[in-house]
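The same subunit A turns up in both complexes below, where it pairs with subunit B and then with subunit C.
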Partner chain A sequence: MTTTRRNLFKLAGGAAAGTILTPVPWRLITDTALLSENWPGVPQPKRGEPSVRFGNCSLCAAGCAVRARCIGGQPVSLAGVVEHPLSRGALQSALRNMRSGERCAVLDLRPGRTASWTYRRAMASIPNGTYLSASQPAAVDLAAVKTILSLGVPVLDGWGTPGNVLAARSRFRLIQAEASESRTAIMADEWLPIRPGSEAALLAGVTGGSIAEAAAQTGLTEQQIVSLERELRENGPSLVLGPNGEVSGDVLVQRREAPVPDEWKKAVPVSELDSMADGSIRVLLIDESAPGDYLPWPAIRGKLAPESVVVSFAWSKEGYGRQANFTLPTAVYPEAVDDIPPAIDCPVATFRLAAAWVAPPDGVVNPVEFIAGLAGLDAKNALQERASAIQKSGRGTIFDPAGAGKPADLWKALQNGATWIDDGEAKARAKTADDKKRSSALLEAKTADDKKRSSAPLPLAIAMAEPHTPALVSPLCSKVTYESNLRLGTHGAALHPSDAQGAGLTTGSRARLETAAGSVTVDVTVDDAVPPGVIQVGGGPDLQNVCGAALRARVVRS
Partner chain B sequence: MSFPKSISATLPFAAGLLIALAAGWAAFPRAIYKTVRQPVNFSHKVHAEKGGQKCDDCHSFRADGSFAGVPTLDKCAACHAVPMGTSADEKSFIDQYVTPNREPHWLVYARQPENVYFSHVTHVKVAGMKCESCHGDEGSTDSLRPYQEDRISTYSRDIWGRPAAHSLFRTAGGMKMDDCVDCHRRQGLAHSCLDCHK
Partner chain C sequence: MTSSKKSIKPARYGMTIDLDRCNGCGACMVACAVENNIPPVPPQGGDRKGLTWIRVYKVDNGVEGAGRRSAFVPVLCQQCGEEPPCAHVCPQQAVEVDPATGIVGQMPERCLGCRYCMAACPYHARYYNWWDPAWPAGMEKTLNPDVAPRMRGVVEKCNFCHARWHAAREQAAADGKPDTEPVSYVPACAEACPARAITFVDLNQTPPPATGFRLLEKLDTQPKIYYTSKREWVRKIADAPHPGKEPSRG
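Entry: the complex of A and B
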């Protein structure tokens, strides 16, 4: 036998045929598939002895008490604490270049924290420093309420502290006025289907405004509105929750704030974004590390000066990070230590911590230390200083989920999940007409905006599915928000079958949603529960930017 | 030496075939696994026979029902705070781990990957299975055999079963998903994806 090219090909052919009859190719395929499940890029949880830790979650305003099951010190599962009484269950150069009358402002999406005090103190040390936050409604004493009129507020679906709301549920009658049959509407005692965008008119109608006007806008009869107003009056104490955070009724209380050290009181006052002159903010620092209600970007943009610098502190670029000049990455719960202000349904002041149970990745920035550093303020121990002030005040009681009794060291107990609860000396809040005025003004502005900016017909009325939504969705909640049908996603929109058919859309289609304020791509869901002529949209930042300042929309298949 | 023309025409092909078969069946199964020695030459036999210990004396269930698995150094040190005997292995264990309080890095033959949830308490306490049903005669061996790890997937050889042909011909004896499903079928037990893949 001689070595020829033909024989070499035959040898290679034989080797190839033989290889197929061995485990080699099949095993390599299997192992490569398995490698994809276990390669070094896939995070591996620690192994070790199990333990239990207590703390508080800071992902939303409710601040629920949490029992964490840890393995080797790392949390692997979180559960509520049933016994808990509340939750039951580069800038320096820009700063120097500010012109007279221009401001450096911090926008705090979750006011009421110790961090908020640090921002206010820091802004007091900076010329024209301003602290901005969304307006804070009065606290609600749910234990006393007998009738609630909710104008599209998801009372039974995430509003307030869910455990507290459900504990009080049997004591109040819930009337849900909303365009679509939401989860709260399904579980309410009565659902009043009203036209989208007519919530403010109904609010005015039941609080002394024109009943005829309310009936014309909402689609309800005058008789229905009169009997609604009578029920709120006669079956009190009652509570009315408006679509833009308005709260009115007989159960509002003026909640005291948890004590702070005396030297902190030289801080700048709290200002609302609306009170700022247009074009007056040169440097805007937005703290999104503790998400709160999203303020649509167009409202912020109008307040910025030319050549302004916007810095967002966030753990995702999904929020204001898309518009900011700089986005500095921050830690997310449970990687960061923060305190949690009381939720709207907590009538007394509280103080509790969300502990850092997992080490944050390298390169993250602590917004509090960053902003305090700009002002030359040392705020590393602010939380501990506040705990000392609270203990010194002698006020309140302490709930310790580990059942260790009254602790001698409040700071140590707080780190282990304890909650300081103020004494119940909340004062009743006088009723004001501000909320009603604000609501009406918003409605008028939206209507005028729609008329002014839109020449094309917009056949669909917009209903927000998640009216009070943080800009950012925590990675811990991604299964609920992105991987299930439990909620409309951050780019989700739901249509009645007849409207979907008219637009040539089916569930899963991608469409362009257009309003007078702009357009955005949405993922369509066809849903019988949405009335014809209505489009229900999710709570993502893009949708809030485009739909938050508009009443009507249209969808076009993309 | 000369072959008839028909044979010499097929000889190169046959040679290639045989070389590939030999390499694939003899060399590949050895090459795919990396062999690692256990940190301590532990004898289950000595502990069971001389120490009179049972499996669950060391591989115990916690108060919440979860399985503690391989015992931590605390448990070993309870008896081995001082040397129990004069063997070199005993001295090495005391010097390298007990005295400096350093946890041995045991290599667990039966460790399932992270995407599998296996409940020992369900199988042992509820179903009454013996440890030997899955772990064989590990409890009576005089020394720990070397740990063999797949160089690509990083799985233990025990998961895939001892025979080398397992990936070409389906074989029993491992701790793969198919082995779990087969056993459940034989026992007439219901099973679903979410039982193990939470």
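Entry: the complex of A and C
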């Protein structure tokens, strides 16, 4: 056989074709796959000694107890502590330049902490110092309640301590009055679809106000409102939760605070922002390091004096940081130690810590030490001093998730996830005549305000679809927002198809949402579950600023 | 795992999901992502290219106005019986049913990324990895060392937190328990559910509830995920082409 060029080509072609039938190419593919799994673009998890630590999460007001799985000391996952009696396993200075009558104020978004006591002590040492809280801490005895009327409050979606609320769910009847079918409305025993912005009118209707007026504003019949009022009266104890944090009913309890050292009691009282005169705050220090209730910026802006100074202590620049003159970076859970005040559904005082499991980055500021330092106080050991005061009082019991029994050193046990729980039965809070007068005056003002705001010539009524969400929450929250559309993101808004069509919008469009308080860019979702004439918005700070102080809006394609 | 599969008493792991308790909070989705090192996808990925091994859909009774009622349906890999549709079509044998657990496993090392399995899965419970896994700076430190991040170009899906099963068996061995004894383990979604809507069981030990129903039973894929609801219209969604309305939320 002669070797010709044709035969050589035949041999090469045949060999190439034959190789496909051998394991070689498949082996190459497998090896490439294995290589690509380990190439530098794919992060490799850290290895190390596994361990378990107990603590409490301070990312939201619920303060759930957590069990952290650590690898080489680094927490890699958190899970609830099922045995925990509170959370039940669920996993939510320019001081010297002030003029006469102007004030220096600290705005605390999560009152009731030891840090709150430090701020009150610091403000007592500063001329015209004022301590402002976003809301007055209230306490309800959820174990006793039989009927709850919620006016748009997300009772089953982050209110209180979720584990505790869901554990008590079978014992109470829940009536949800809300414009759209929210998560809580879906799970409620009865959903009353009312007109957006008419919550205050319904609250007035069931608490002795005009039923005819309530019916006219809410769209419910007078008979429905009368039956509702009767049910609350006859199927008690009942609880009514208003849209702006109003809490009323037979299950409000007087919760004692956890003991504090005697010398701390020379502190300024707690004030609410509404009680401040307009233009009276010269220096405002906002502690955003512990997220809690969010006050729309327009409500704060009105209280500031001309040439005021606003300092925000925050772990994200997305909140008040955009309005403040200075933003000082702070550590975030689990980088900083803080205590967790009892949530609204906890009838007794508690004391527990969110421990620092991870070293904070360089350059962060501790807001408590910073503000205490302005007043010349040393607050470095405030938490430890309070733990000593609690232990000295001899009150309460201790729950230790590690099951170590009653600890000799409360401070040490607290750092390992223990919880001090005050003893004593929940005492019903007697409502004073002053309380009633104040409450009805507030309600009247709110109803009038809502009527005024809802009459603005804008086509869409605003419904807040999500609880306030601090900006830059875990990146993995994308799973429930844009990766699945289960929840509206921090810049999300949902419209009925007819309203979206009118504005030329489709799902995924970007639009400008305008209200009397300002405008913001939103990502649109078209959803036929949203009633016509309503726009549901997410809970990011931008949307809270623009929508929290307004009831009506319009969207314009951008 | 060091012991041979033959000596392990076979289990048939499954779930019961009470749709009347699910409030659509999404805690299961986030817990799953944390446990299984599922990265956040870039925002342009949207809900079509997202990686959600368990995904909660919102469904409704189709009535407009005040008569409208909705429910939430968590959908994950339904862990079909002996012959899952995805295993049949895989040219690489990257899908296997583990006889010791009944778990349908997915091996990214073998996967070519052809996505035949995604087309074959009637539950839309498989996801394609469009991007190299990437976490924001600092988050790599919190990755679970028991689960390898998957590379771009492969399909992935729920495996009932198989790494937890391995860890539970290793713990049982360390405690000196015989490998014929059932191990106690629970996937991250069931552990995280604040409403206790998800119950993880060995169906050989705990039979499914008599009122339980499965998605698309008519296809005879024999899923191991059972749902329960007292509401008639919710039970009917099990026969829909796919749960939820995709253009809508969830």
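Everything that follows uses one rule, which is that the second predicted complex is superposed on the first by the 461 of 558 C-alpha atoms of A that agree within 3 Å, B and C clash if a C-alpha of one lies under 4 Å from a C-alpha of the other, contacts with A are read in each partner's own complex, and residues count from 1 in each chain.
We adopt the following convention: a residue touches a chain if its C-beta (ideal position, glycine included) is under 8 Å from a C-beta of that chain, and two chains touch if they have at least 3 such contacts.
Keep in mind that what you see is a predicted model, and the values were worked out from it rather than measured.
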Touched partner set for A:S210, first subunit B, second subunit C, both or neither: neither
Contacts of A:N7 with subunit B and subunit C, given as first, second, both or neither: first
Touched partner set for A:Q74, first subunit B, second subunit C, both or neither: second
First (subunit B), second (subunit C), both or neither touched by A:D528: second
First (subunit B), second (subunit C), both or neither touched by A:S51: neither
Touched partner set for A:T30, first subunit B, second subunit C, both or neither: both
Subunit A residues touched - subunit C or subunit B, whichever exceeds: C
Touched partner set for A:M187, first subunit B, second subunit C, both or neither: second
First, second, both or neither for A:A15, with subunit B first and subunit C second: first
Subunit B and subunit C footprints on subunit A, overlapping residues: 30, 34, 37, 42, 44-45
Subunit B-facing residues of subunit A, complex: 1, 7-8, 10-19, 21-24, 26-28, 30-32, 34-35, 37-38, 42, 44-45, 49-50
Subunit A-touching residues of subunit B, taken from the complex the two chains share: 3, 8, 10-21, 23-25, 28-29, 32, 62, 64, 66, 68, 72, 113-115, 150, 152-155, 164-168
Of subunit C, residues touching subunit A in the complex: 23-27, 29-35, 37-38, 40-41, 43, 45-47, 50-52, 55-56, 58, 60, 64-66, 68-72, 108-112, 132-136, 139-154, 188, 191-192, 194-196, 247-250
Interfacial residue positions of subunit A with respect to subunit C in the complex: 29-30, 33-34, 36-37, 39, 41-48, 71, 74-80, 89-91, 156-158, 162-163, 166, 181, 183-184, 186-187, 193, 474-480, 482-487, 494, 507-508, 525-529, 531
